[in-house]
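Structures incoming, each one as structure tokens.
The two complexes that follow have chain A in common; it is paired with chain B in the first and with chain C in the second.
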Partner chain A sequence: MLLSTALLVPWVTGVLLVALDGRRRVIAWLGVGSLAATLVLLAVLAAQVFTGGARRVRTGDWPEGVGITLRADALAVAFALLSVLVLLAAAVHEASGGARSRTFPGLVVLLAAGLTGLFVTGDVFSFYVFFELAMTASYALSAYGGKRRQLRAALVFAAVNLLGSFIFLLSVAGVYRVTGTLSMDQVAGRMLDVNPNAALLIATGFFIAFCVKLGLFPFHFWLPTVYAGARPAVAAILSGAVANIGAYGLLRFGAGLFPEQLRHAGIALVVLGAASIVYGGVLAVARGDTAEMLAYSAIGQVGYVLVAVGVGGPVALTTAVLYSVVNALNKALLFLASGLRGTLVAGAFAVGALSVAGVPPAMGFVGKLELFRTGVAAGSAALVVLLVVGSALSLVYLFQVYQRRFWRADPASGGVVSPLPQRLVTAALALLVLAAGLWPEPLIALSGHAVDMLLAVGPG
Partner chain B sequence: MVRVIARLLPGPSLMFAAGLIAKGYAEVGDGFAAGVIVALAVALAYVALGAAGAEAALPALRHAPKAAVGGLLLALASGFFPLLLGDPPVTHRPGPGEHVTTIGTLELFTPLLFDLGVFLLVIGVLTVLLHHLARSREEAAR
Partner chain C sequence: MILAFAVAAAVLFGSGAYLLLKQDLIRMVAGIILISQSGVVTIIAASLSRGRAAIDVAPGERVSDPLPQALALTALVIGLATVALLLALVHRAIVVFRTAEQDELAATEAEHEAGLERRRQADREEIESDPDGERAP
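Moving on to the complex of A and B:
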């Protein structure tokens, strides 16, 4: 009941808001209100899930395999909460700065509906449907601003991600061909009896599709153009909310549906993740433009998630969840702060930078600590060295940019301070990052709980 | 000749679409296909008459955005209304095995509303797209 309502609220309000003129203040704040309502519903749902276990709804009371199952477990609500929180921050940011297009508030709310839907669905095909709803909204959002630069970013983003969606759809068709079902629980059970080559092919298809979403190393080529070209709020949405699809997909499909294939491909994933970390870090150091630097930094940061997924096992998967949360909040904070000027902003940016580099007391430290634990648990010295190198690189590139932006007087935008509400949003995000760093137990417990549920459902 | 047909075709296409929706539950056909057929007739009107001409000949086309939003809301409502009655979403009324009122082959039950919603949504969205494509060409020609 609550689960369906959490899906219904952003869907209906999003549709209504798209029809209204989003440049009017009232409409923009209505969008914010609808996101806040969704966030509250999801928080209540999360509380229920943590105390009472996963919630399930089968549409129309049809038997499993015919009706679509909606399943809210800890992993799903954690990612849904995170994404809607980032969307809310970006929406407040734009609403207080004055949205520039008719459709912005509606599209953000529809994106929230798509993301919530794909996180809570327990059916491979309806995952694809919600995935397309979310992606269609983000294609339109990436053109937000309407200048030549944004349109170019939107074209690249739409072209590459449509290809990714197509590969995903092919894999969904493959799953149905070999298992005869689309319900995730049944797929997980029947995948064990499938011809290993076919299963590996399908798993690779899903892997490529999610890597394109995340912007991991060999599939990253679209990402710098898009993140640097889009407006800061949109870049925050893409890297803090839409990229969660990739991380969630790797966990849900990798660890939940294809654990066998994941074990075989573990080394390959770790190598790809390591390549992402080094490549993203080195190129970020070489970039002068803040947005471009953050884009390469995003490529490096998602590498950590892939490494953790590749290592496998409860400890590493918990780290992957935790690091996805940390990374999404960091990136949202940094992208939002990068477009602003003023006193609070410099501090907020510094907190984000410290968090990415993994310096206490920011929450990035907790993420890095868990990664070290993963490395030690896996008994791999190379992994620990990689983490140190990656962190050192991120410290270098972030403070290079910090100096350039906030210490040097910039003649181009000298003295113009951004509106206070926008600065307060970034400050609030920065406080959240700090608070989660000082009191990380809830977050760690949440990630651990999510992975326990995920592994318990899968055919361990 | 093409212009005359373009002006007249949307009428019969609506009839055909109604037929598709009515037989959709026993045979091939649904709201989506019905919407695409009407949208094809509308597309012919835009190609033959231009955006201004088509909208002058068929004033209903100006309401396309409302049709799209209304259709989507209708479809969502038909899926989620059971929440109010305490059932899971997409439960339909009358339920499986219960008596359904029929008018000819048309069965009156709530999934019909879903198909009508999809039908309106498809026509609305395609007409809006056609409007923008045709208008930008006319503006360029001016």
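Moving on to the complex of A and C:
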């Protein structure tokens, strides 16, 4: 029951809010309230899942195998919580600064509905439906601001990601063709008996669709234009919440449905991830503009997730979950802070920068530590060296930007300090990043639990 | 039959991808439409079964698989909605940029940005006498 409510609250309120004028303060804060309510519901659900195991709901009381199953396991609620948290931060950011378009609050809430649905669904096709719900909301969001840059960003983003979505749809049709079912549990079981070539083709389709979403190296071409063109709050949403679709998809579909194919493609995935890390890092160092630097940094950071997925096994997958969480919070913090000015902001940006580079007090350190453990467990010296180089590069580019933006007074801004609530949001995110760095046990336990559940559902 | 569907889907996808790479924004939208149709054709091809519609069937009668039909309908509706959104975006872009060519789009944007940067630079020079050319392009 709780599960359906957590999905319905943002869905219904989102539809209502889109019809109202979001430029009015009340509406913007109503949107924030709705997201907060969703977050609370998801947190209660998460508590239940951790103590009592996965929750399942069959929609419309249809018999098993006919109705669409909603299934909240630890991986699903972890990603849903993370995404709604990032959306909430971005919504508070815009609500306190004054939203500039009618539809912004409604779209953010609808995006929350789409993301929550996509994480909790147990059916491959309704995954596609929620995926499109979330993506449609984010296409509209990326045009937020309405200036030339945002418009061009929205066009590029929509065109490339629609292509990704349809490739996903082709793979869904393929899954139905070879297994005769769309329920994830049954697909995982029947995939083992499928002709390996067909299975590999379908898995590749899913992989490409999710890589486009994540912005991994060969599929990253759209990302810098979009992240640099969109407004900071939207960039935070895209990199902190929408990109989670890619990470979740790689874990759910890769490790959950296609473990055999994932094992075969492990090396290729690690190589692609490594290319992402180096490419993103090197280009980020070369960029002058903060938003563009953060965009390339995002390409580099998701590379770590792909490397961890490619290595495979419980330790590496736990790292992948952990690093997705760390990366989403880092990026949300940095993008939000990059649009602001003032004392608190400089501190928050520094925390985010330290976290991306993996310096101890911040939670990025925990992520990097787990990555090193993965590298050591995989027995690969090259991987460990790569991680060190990647971290060093991120330290260089982030503090380059920090120095340029916060050490030197920028006369163009005329010493205008951003409104206090906006700065408080970034400070709160920074505190969260620090707190999770100082007390990482819950996060590590959560990721481990999520992966245990994921592997238990899948065959073997 | 499978072959016919496969060829149809491949031709649709191929011509869609070709159009998607064009400079013209309207062609790009047409490309997306074709690719979405290729998805629908593939879904229908995923289960080619002959029989009556799966409603009010007598026992022992052959039934055509209703699931892909439902999926195809859903995919069509989603495709329609996304294409409508994309067309709205393209319309907005043509109004703002006064062109539907992607190259010109990028060029006008770069020009616009350069103009803004010049103005910012001028402001800066007014505020303090020594200008610092810190921003790399």
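What to note about this one:
We adopt the following convention: the second predicted complex is superposed on the first by the 460 of 460 C-alpha atoms of A that agree within 3 Å, B and C clash if a C-alpha of one lies under 4 Å from a C-alpha of the other, contacts with A are read in each partner's own complex, and residues count from 1 in each chain.
Everything below uses one rule, namely that a contact is a pair of C-beta atoms (placed from the backbone, for glycine too) under 8 Å apart; a residue touches a chain by one contact, two chains touch by 3 or more.
None of these values were measured; they are calculated from a predicted model.
Contacts of A:Ala36 after superposition: neither chain B nor chain C is touched.
Of the two partner chains placed around the shared chain by superposition, chain C is the only one that A:Asp289 touches, whereas chain B remains out of contact. When the two structures are aligned on the shared chain, A:Arg404 is found in touch with chain C, with no touch to chain B.
Judged by the touch definition given at the top, the superposed model places A:Ala19 against chain B, while chain C stays out of reach. The wider contact with chain A, measured as residues touched, comes from C rather than the other of chain B and chain C. In the superposed model, A:Leu8 lies in contact with chain B only, and not with chain C. Of the two partner chains placed by superposition, only chain B is touched by A:Thr59; chain C is not. By the touch criterion stated above, A:Leu151 is placed in contact with chain C alone, chain B being left untouched.
Residues of chain A touching chain C in their complex: 125, 128-129, 132, 135-136, 139-140, 143, 146, 148-149, 151-152, 154-155, 158-159, 162-163, 165-166, 169-170, 172-174, 176-177, 180, 182, 288-289, 404, 408, 411-412, 414.
Residues of chain A that touch chain B in their complex: 1, 4-5, 8, 11-12, 15-16, 18-19, 57-61, 67-68. On the chain C side of its complex with chain A, the touching residues are 17, 20, 25, 28, 32, 35-36, 38-39, 42-43, 45-47, 67-68, 71, 74-75, 78, 81-82, 85-86, 89-90, 92-93, 96-97, 105-106, 108-109, 112-113, 120, 123-124, 127-128, 134-137.
Listing the residues of chain B that touch chain A in their complex gives 65-66, 69, 72-73, 76, 80, 83, 86-92.
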